[in-house]
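I've put the structures underneath this note.
Each of the next two complexes has subunit A plus one other chain: subunit B in the first, subunit C in the second.
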Partner chain A sequence: MLSLDQLLQILGECSGDEQVTAQGEDVLDREFDALGYDSLVLLETSAQLKHRHDIDIPEDVIRDLKTPRAVLEYVNVPASRD
Partner chain B sequence: MSTDVVVTGIGVTAPTGLSVKEYWDATLAGTAGIGPLAGYDTTGYSARLAGQITGFDAREHLPGRLLPQTDRVTRLALLAAERALDDARADIAELGTYACGVVTSNATGGFEYSHREMQRLWAQGPEHVSVYQCFAWFYAVNTGQISIRHGMRGPGGVIVAEQAGGLDAIGQARRTIAHGRGRLMLTGGVESSFDPWGWVSHLASGTVSTRTDPTAAYLPFDRRANGYVPGEGGALLVLEDAEAARRRTGRRPYGRITGYAATFDPAPGTERPPGLRRAIELALADAGVEPDGVDLVVADAAGVAELDAREADALRAVFGPFGVPVCAPKTMVGRLMAGGGPLDVVCALLALRDGVIPPAVHVTDVVEDYRIDLVRDRPRPCPLSTALVLARGAGGFNSAVVVERVP
Partner chain C sequence: MDTPAPHHPPPARRLVFTFPGQGAQHARMAAGLYGTCEAFTATMDHAFALLPGGAALREGWLAQTPPARFDDITCAQPLLYAVDVALGTMLTGAGLRPDALLGHSVGELAAATLAGVFTFDDGLRYLSEYVAVYRHAPPGGMLAVAAGPDEVDAHLLPGVVIGAVNAPRQVLLSAPEPALTRMETALRRAGLTCARARAAQPFHHPVMRDVAAARAGALTRLPLRAPHTTLYSARTGRELDDGTATDWRFWLGQPAEPVLFGPALRRLLSGGPHVLVEAGPGQSLTSLARRTPEVARGDSAAVALLPARAGAPEADVASVRAALERLAAPHGLSPAPSPRL
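Presenting the complex of A and B:
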């Protein structure tokens, strides 16, 4: 189970911008673009999810996950992937 | 080239200072920034002296977001860029985002960053390499990061020509303005590659001084010349059309860039002469200046006897024996690769502004046969209106820039 805080922590470290983590729940449905996270931050984040939590999000999938909620739903509800 | 191009802003990151004032005060005082390479154990390396920037904490100068994706060299370049644009009081949005561009030079890229990521690659595997490695290593990244940060979407470019590249960048930025393709160009070069991997790449040149006494290691034109000391940092300059700059700022600019030329040496073993003299003559012709109109030459100052002799030959051929004061501010900071030429241009502009030539330090025994008037020991006050800046890059690059005082 990946929590929002864990995800935001990694996004913050990968982007170097730790301020967003303070916004907590507010960011759940905001698009990564709007949060200032570009495709490279998301690629770096997916690599860190793999190293730290053994969560594997393929590159072509992470591209389509636009919000923190979308990432959490993808990784926390594996049965729905198909 | 008919358009009058002026320098309206300067940003400096040098071993002797992180601001124009710090750098210039140290340069006039003859204070050197050369010392033992710090940061790791250099026992076992053939050379151990460097012109290092100390006291630079990127977190004090840059937003956190830029840190995971930048090497030290880019952080220094971003600081120099910000300072130069502030100095010029440039509002990019007002000038037009597509009217402002960036042309920089860099010869070695982001070595420290790459070193760390290569270690991860070998030790942990490819999936552990940072995604930012894809551009953080790249010698083009300074131009890219600067243009993104400041929204400068106009003509951009990167020039690689070892030590000569920084002057080539200035020449290219000047051409861009003269051709009406840009209103404001940020240009110059910044270099930094002193992690162990970068350091050995410097040593591979075979001409880095192996002496351990900082006052005896880099002695251009001296009988004791025995190689050079690598340095880090550089300078970025804001160039604009003179009339547009006058209307925009109402201030007197640092000076004008009135001439530029680059030549390439013939292949070794051919009969043709080296290209430095031709670069000097072409740059003077571009500026419309006769040799006797030049008040100061900032020398390339290789520190390698054969190259020093060649430079002295070129200076004698154009200016006559002892025909022009020669200055070698690199003796205080080392050779900064792509950063060296632009920092010397800054030195020339400030010398013109203040009517004083900074001294070469540590050089005590100039080879008599060179017959050059090297300014040593103490600053030399004298009226100056035109200066020539020279840079040579390993592999055959020769570049020359002419700068003139704005009355």
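Presenting the complex of A and C:
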């Protein structure tokens, strides 16, 4: 299981924020574009998820995941990938 | 009894237009405004009338499937310059008066045009001469890396330089081929995340100095005037003084010098609350701005005029309308700015 806080922590670190700026449930459905996370940050996030949590999100998949909720659902509900 | 806290009105936010450069171009960028917004359309048509091969550029811009050479300097740079200036002109025409301007790479030429350093006609002439010179650059490109300059520095192979510092953890490397491909392989092997930027030449690399030197005199030094609006430079990382702005050596040197957009943005934001409006295709600069502590905390704000990626023409219009509505509120502009869409 990956929690929202863990995901936001990684996103913050990958984008170079010293503090995690995006917090709380209200960011769940905000698009990464609107949070300032561009495609390079998302690629780096996918690399860090693999490295730290052994979670594999292929590059072409993470490109299509637009919100934190979409990432968490992809990661935490493997059945939905069938 | 509690004394009510004295009411401090929020400090006025300074309005800044930002202009993206190479890499931000995409098929039909901002084309939804063409034929819909009068000021935007007139500026684009003026550019196509003056640029050599203007008709072909227009066709390539409007094509659903862009030409193969769309990311090449010959196509991308004149179109980016024209679209950036057309959007900036649309905003000023709608009644927005920027307090400062900041552009990334070729976007700095658009910022200088809006600041009155050179006219749009002179900018178009410079750009066509510039394209005629730098199209002779060796094939190469730029590579975005999710790391800071110090971390990347340790990995640099011979012939590869840091071409742009965009954010604490985003740099663009620049190199001719095959050095760039070798660099990409080495970085991936070292576990760094990287992605090719949409560029076919090694911009902001010292090799550009040799390219220009081999064609000395091919670039006309057109009249320059001191900026009438504060101009921040992504070349120097700070506000541009009049002496530098009116020195052609400064402008001619840009293709060979690194872009310090990240440091320039941080310096600008450190001066107080700002509203940044990205006047160009995509949202790359807005994305960089949203990651700064000033914008993340809400002291400053970043608004993109256009959608993050290519979409239907109506999406461009809807996006500009929404951005202008957002801008009308903090500036108390009455009536709300209208670009006559």
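Note that the second predicted complex is superposed on the first by the 77 of 82 C-alpha atoms of A that agree within 3 Å, B and C clash if a C-alpha of one lies under 4 Å from a C-alpha of the other, contacts with A are read in each partner's own complex, and residues count from 1 in each chain.
Here is the rule we go by: contacts are C-beta pairs under 8 Å (C-beta built on N, C-alpha and C of every residue); 3 or more make two chains touch, one makes a residue touch a chain.
Since the structure is predicted, the reported quantities are computational estimates derived from the model, not experimental observations.
Within the superposed three-chain model, A:Asp5 lies out of touch with both subunit B and subunit C [touch as defined at top]. By the document's definition of touching, both partners, subunit B and subunit C, reach A:Gly36.
In the superposition on chain A, contact is made by A:Ser15 with both subunit B and subunit C. Within the superposed three-chain model, A:Lys50 lies in touch with subunit B and out of touch with subunit C [touch as defined at top]. Of the two partner chains placed by superposition, A:Glu73 touches none, neither subunit B nor subunit C.
Annotation for subunit A, partner touching more residues between subunit B and subunit C: C. Common to the subunit B and subunit C interfaces on subunit A are residues 14-18, 36, 40, 43-44, 47, 51.
Subunit C contributes residues 144, 146, 148, 167-170, 191, 193-195, 283-284, 286-291, 293, 295-297, 302, 308 to its touches with subunit A in the complex.
Remark: subunit B residues 63-69, 127-128, 130-132, 134 touch subunit A in the complex. The touching residues of subunit A, counted against subunit C in their complex, run 14-19, 21-22, 33-41, 43-44, 47, 51.
Touching subunit B in their complex are the following residues of subunit A: 13-18, 36, 40, 43-44, 47, 50-51.
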